[in-house]
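Pasting a structure below so you can have a look.
Labels for the chains are A, B and C, by order of writing; each one numbers its residues from 1.
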């Protein structure tokens, strides 16, 4: 029993040289950090874009100093034009959904910790792994280049509906080269994600250490594994969709463009295509995508919460099966984005039932998290706070789903700020809280240093309260019918809503600024943080059995043998109230429950 | 820190609930015949969602308050019933709740979409294009003339691309920039997209439906209150999307007839 | 209070052979088909995952085709260029030659006779047939173009080009895999692993199955 031959070739010797060690590295840990770094750049860019958007909404005629240098035409004199607002909005959404929420909780932490948590030396296909990152990076560069081409970035939103996105520059500024670059970037991103998902799945199935049965994998490992299964099938549909969109744009085909369209005073030469086809293909990917964004964070906060509570969750199996059910159901609900799209209204009804049903496993998870808190010994660190904050945010974001899942109510709430509030709370906040929690929890392992708890807690409070201040009001605005994707609010009934928008903008600026506390903490601790012990949180999973930071081959050439379930807390052992997965000792459970049902 | 978390969560939960409970943020008064079913559905959902929200947040706060900072010697206990209770609660409580919402909710959906328009409904066509809504009434012959996109000439007010010289049905068509309808009379709105996706949204009517290029879509509804209401475009259609709006005027049958005659003479 | 003893589960795997990296070379005894692999090889799992993805993508193309056909009345009938049938035979033949290669390689590795020629011939034959297939597909496009059917001429022609091009692109990838196998086998000390050969073979056969499906789709819908 030794390292599988798949690795024998790659991992006989540690990498040499700066380039091999830090740039073109096949080491999953380096690749994980690279994904994290890319996500950091993307999230701060996306956040800046949201600042520009919020600023423009409440002070539409105020010049933003310097913006004219980014785009003379989009922001003449620093004042954002309506089309540039839409460009900023499109890039904000695209960066956040793809380059932050798919990259950070999934690609970054998954790459770093999945192999370690299952006791493997690296991923199954380390060179494919390296390729995945650099192809993602290429996709990022292609996307960002849209800012600098004539016409600027596209204005069709991250959802890029045809024919607005398909007919070319006639439909508006940014719909020329910018839109094509967007489609090319996303297609490249699909390839990278598929490679990454392949790696995760093969690694989980094949490279587990002796004793590491599937049910002995930590919850976050399960979450990454299930997420990769979703990603494998979802991105496989987005890639053809983007290809067909590109062909409509540059090759004169008519997959999505019907006949007789008079766009921009020009009769378009296409005919017979179906705009709804784009929506179906896109949302068939798009809905699983949002679960790709949230499931890893669910896994991460579960993992952290168990450690903080010093007890396992009420049922390991129920949590795993719930995550599996959510993943399965996520493929049956895409039409709920299209209730009023003009598709067959009977289909709308059919989609609403699985959409409502997905509430059940989500509730199981929430109740298990809450129920596990009962009778626990909750020890609170910054990571714990973000994990608890996740639960609060997931509940808040989730209950608005009750409304949107019903087509009759969606008639009123579709395309209002209610929807924007819903998805920002679950994706933009809850999912991101999972990333924050993971960062504070795993930073000591990844760097060998501790982050500042004081700064961390400050970051938490400002972000938690701030996020509620920003996104809760979105729901109220939606209830009165404030429409989304508007670059200005010129409707009669929107005037009185302005004070709310101002409040939101100020909250957004403050909450956004607080993220620099996090950034500072991250960078400062990396170089000046307190040295971290190997297991600062007294945790049980395999990543805590190796040095901080881990050696290049994770387990130093040894092969861990796993003797226990991943969450043996509340036991009497030689280490204290927990036992590590690879410790071959008999333990006594001191909880009043049965273990791991 | 745990106790602070609990307090903040409770405060946030209450602060979030206050605007709802005070009924300050509600849809405008409904003016349609199908609206009350939707509004009722929305109230039911708000009650259930609101209760779930408050219960979950309070439970989170309570447990964090109670179980953080407990001494190291404390014993770990299990919630009575364990996971089975949680799964049962989720499936039974939430499962039935959402199924009920879904099954009851289809009534409201059905009244909008699964009934055919009445035979004597007033037919009006609306065209959405970057960035305005235009409307067309069929005139005394009750027929709409064919559309010729290549003949669209906004400068000469030919928004629909009609060809009255060659199409006799177009001769009496009445094109307006404003949608007026008679109160208490069913309207059958035919929807035509000129260029890209748009959407027709009138909050007070509880109506929203996309215009899809290439598809013949329609809506039917009955307004039961006179007044002037905004029509908003709610499907991103380009740079002027924020400014793409129109007005729906609901008039008495008498006033409507006068209005239509007036518009006909202006053609 | 419970006393729990946790032991690792009994392994139902055959005892592995230790030795640096040699475990996965095609072993020296036994019939190729009867050989049980000592542990799951990532390449073998990986290829099934990759095939699942490719299947999903072509499922997306298929539904796009069906929807597009139904969304307008402009679906033209086109006669499939006859060279397509020839290409089909070529591709199926290449699967046959590939299977022959696998057996030849197995018996070569079994025998480990030094000096005897490595069974590269059949692999080269597969490679050659694969190239002929791709060239044949290109010939089909030339034929269509000569009839005035280009990418954007009609939705039918659009899908013809898209489906055949995307399939051909994947076939090119398969050719790359074959080149990789040939290279590894040609080294002075062969470094070809069984799992690599198997994965490459499964992928190649899948290209054939996928092509049969596409041909059926084209035949039914066009």
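We adopt the following convention: a contact is a pair of C-beta atoms (placed from the backbone, for glycine too) under 8 Å apart; a residue touches a chain by one contact, two chains touch by 3 or more.
What you are looking at is a predicted structure, and each value in this text was computed from that prediction instead of being measured.
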Chain whose mean Cα position lies farthest from chain C: B
Leader among chain pairs (count of C-beta contacts): A-B
Between chain C and chain A, distance of the C-alpha-averaged centres to the nearest whole Å: 33
Where chain A and chain B are represented by their mean Cα positions, the distance between them in whole Å: 30
Gap in Å, rounded to a whole number, between the CA centres of chain C and chain B: 50
Residues within chain B bordering two or more other chains: 214
Sequence positions of chain C contacting 2 or more other chains: 71-72
Residues of chain A touching at least two other chains: 258-259, 272-274, 276, 590
Residues on chain A engaged by chain C in the complex (per definition of touch): 1-2, 4-6, 8-9, 124-125, 194, 197-198, 201-203, 205-207, 210-211, 213, 232-233, 236-237, 239-241, 243-244, 247, 251-255, 258-259, 271-274, 276-277, 280-281, 284, 561-565, 568, 586-590, 594-595
Residue numbers on chain B that touch chain A, as the complex places them: 1-2, 5, 8-9, 12, 15-16, 19-20, 24-28, 37-38, 41-42, 45-46, 48-50, 52-53, 56-57, 59-60, 63-64, 67-70, 72, 74-79, 82-83, 85-87, 89-91, 94-95, 98-99, 101-102, 105-109, 112-114, 129-130, 147, 149-150, 152, 161, 194-197, 199, 201, 203, 206-215, 217, 230, 232, 234-243, 245
Complex interface listing, chain A residues touching chain B: 81-83, 86, 155-157, 161, 163-164, 167, 171-173, 257-264, 267, 272-276, 309-311, 313-315, 318, 340-342, 345-346, 348-349, 352-353, 356-357, 359-361, 363-364, 366-368, 370-380, 385, 388, 391-392, 395-396, 399-400, 402-403, 405-409, 411-412, 414-416, 457, 461, 464-465, 468, 472, 475-477, 479-481, 483-493, 569-570, 577, 590-593, 597
Chain A contact footprint on chain C (complex, rising order): 1-9, 11, 16, 18, 20-24, 39-43, 45-46, 49-50, 52-54, 56-57, 59-61, 63-64, 67-68, 71-75, 151-152, 155, 158, 162, 166, 193
